[in-house]
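As written, the chain order gives the labels A, B and C, with residue 1 at the start of each chain.
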């Protein structure tokens, strides 16, 4: 039943899930305790990779959208849709983990902090993208419209990143990429960097699996239609 | 503004909540996608038994 | 002889303006909608402390203007949908940039006609003996915001033209995309009205507003061509 490609994907997925769990173990046993926040800061090792991946997904969406627009290709836009789904998942995880981290740290589940608010907007945009995709019939029109929206969504991402610097609110100022180098403990920094890499690989794998599922769904619909028509 | 520290709350439930949410989201989505792949392959095998498996785009 | 892009632009703008003027309801209804919303906000807010009055005024009027503009934007291509005029325009060898700029100019005209009465009426409803809220700086900032909002409005109108449930989709997509413009407009207006603020603070927000206007207008011109292209 499964192709060789399918099996390779499943093994890759199993390996990546193992790496994610190994990273989480490292987050608890390798990284030292933070002197300001204590143990609760360990949520950051999940929150930051999810946030980076959520933003990186918008770049992926933009790239697929540009290629899909140039080639007028529905199969490329299937990959774009898969990227938007994965992006939405990671944005929701970013908000959830950020909110959970905020409660013991800032004393509140939600605050109208610039980064959280604009990440919420990114989640709405991904959801809007998927709704737009679902509301249009398949065809060149949908390819064009969704591709344009994918590019527009990416244009919104820079303000999300810059907002932390410009608004100077409750959220941590940038700790990794800043002038004069990072102020973080090297063990913590490396744990985060490794986490970001693993999460990006994992999200790429998720996009691949979902993208192929979408393409297979299209094939199944075409085959069913053929069968119906004899 | 630096985050407020010294809030007297046990961090363990929050850490557990966050990582459970992460596990549910990350692994749940992945396993759902794999399950969907199984369903699609089964249905495709019924509809088009001679379908070439390399033709996946 | 085929008209050049400038002649096409002028023809399309005058066609759009005449279509709007032919049905005055299209001009008046966004303004009436804005006035109604302002009244609703006033009822919901109740009595407002003088210290919060500027924030409340800006929040009410900017949001009201945004909602009222959305009414105009969503209906931008309605005259062209009749008798498949838009499909004819797309396939006719008219410059797509001229078409975008014509719709964009129409939006700027309609938007200005909606925004200024909203700001005036909002200032009128929220003023006190000690605080007069109307300011030409705020009008200027609002028009700057309109430049960015308008470009996005034209793009999204064209995008949702053939989508089902466009009444839901349009605001769902439009409001998150316009949030940066709205925030920059509100922050810079507040700094203007508060008075005594460093010019550098206002400049930073105006810079962000201008930056996004440039980004959205450029993207609008580039992407509109892709949207309407039949090939």
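Note that in this section contacts are C-beta pairs under 8 Å (C-beta built on N, C-alpha and C of every residue); 3 or more make two chains touch, one makes a residue touch a chain.
Please read these numbers as outputs of a predicted model, since none were measured by experiment.
Asks: Of the chains shown, whose Cα mean is nearest the mean of all protein Cα atoms?
Replies: A
Asks: Sort the chain pairs by how many C-beta pairs are in contact and tell me the top one.
Replies: Looking across every pairing, the one with the most contacts is A-B.
Asks: Which whole number of Å gives the spacing of the CA centres of chain A and chain C?
Replies: 31
Asks: Distance-wise, how many Å sit between the C-alpha centres of chain B and chain C, to the nearest whole number?
Replies: So the centroids are 40 Å from each other.
Asks: What is the distance, in whole Å, between the centres of chain A and chain B, each centre taken as the mean of its C-alpha atoms?
Replies: Distance between chain centres, rounded to whole Å: 12 Å.
Asks: So in the complex, the part of chain A that touches chain B is made up of which residues?
Replies: It comes out as residues 1-6, 10, 13, 17, 20, 24, 36-40, 42-43, 46-47, 50, 75, 78, 86, 89, 92-93, 96-97, 100-101, 103-107, 168-170, 172, 202, 205-206, 209-210, 212-213, 215-217, 219-220, 223-224, 227.
Asks: Tell me, which parts of chain A touch chain C in their complex?
Replies: 69, 118, 121-122, 124-125, 127-129, 131-132, 135-136, 141, 144-145, 147-149, 151-153, 155-156, 159, 166
Asks: Which positions of chain C touch chain A when the two form their complex?
Replies: Those residues of chain C that touch chain A are 152, 155, 159-160, 162-166, 168-169, 172-173, 175-177, 179-180, 204, 208, 212, 215-216, 219, 223, 226-227, 229.
Asks: Chain A touches which residues of chain B in the complex?
Replies: 1-5, 7, 9, 11-12, 14-15, 17-19, 21-22, 25-27, 29-30, 33-34, 36-38, 40-45, 47-48, 51, 53-57
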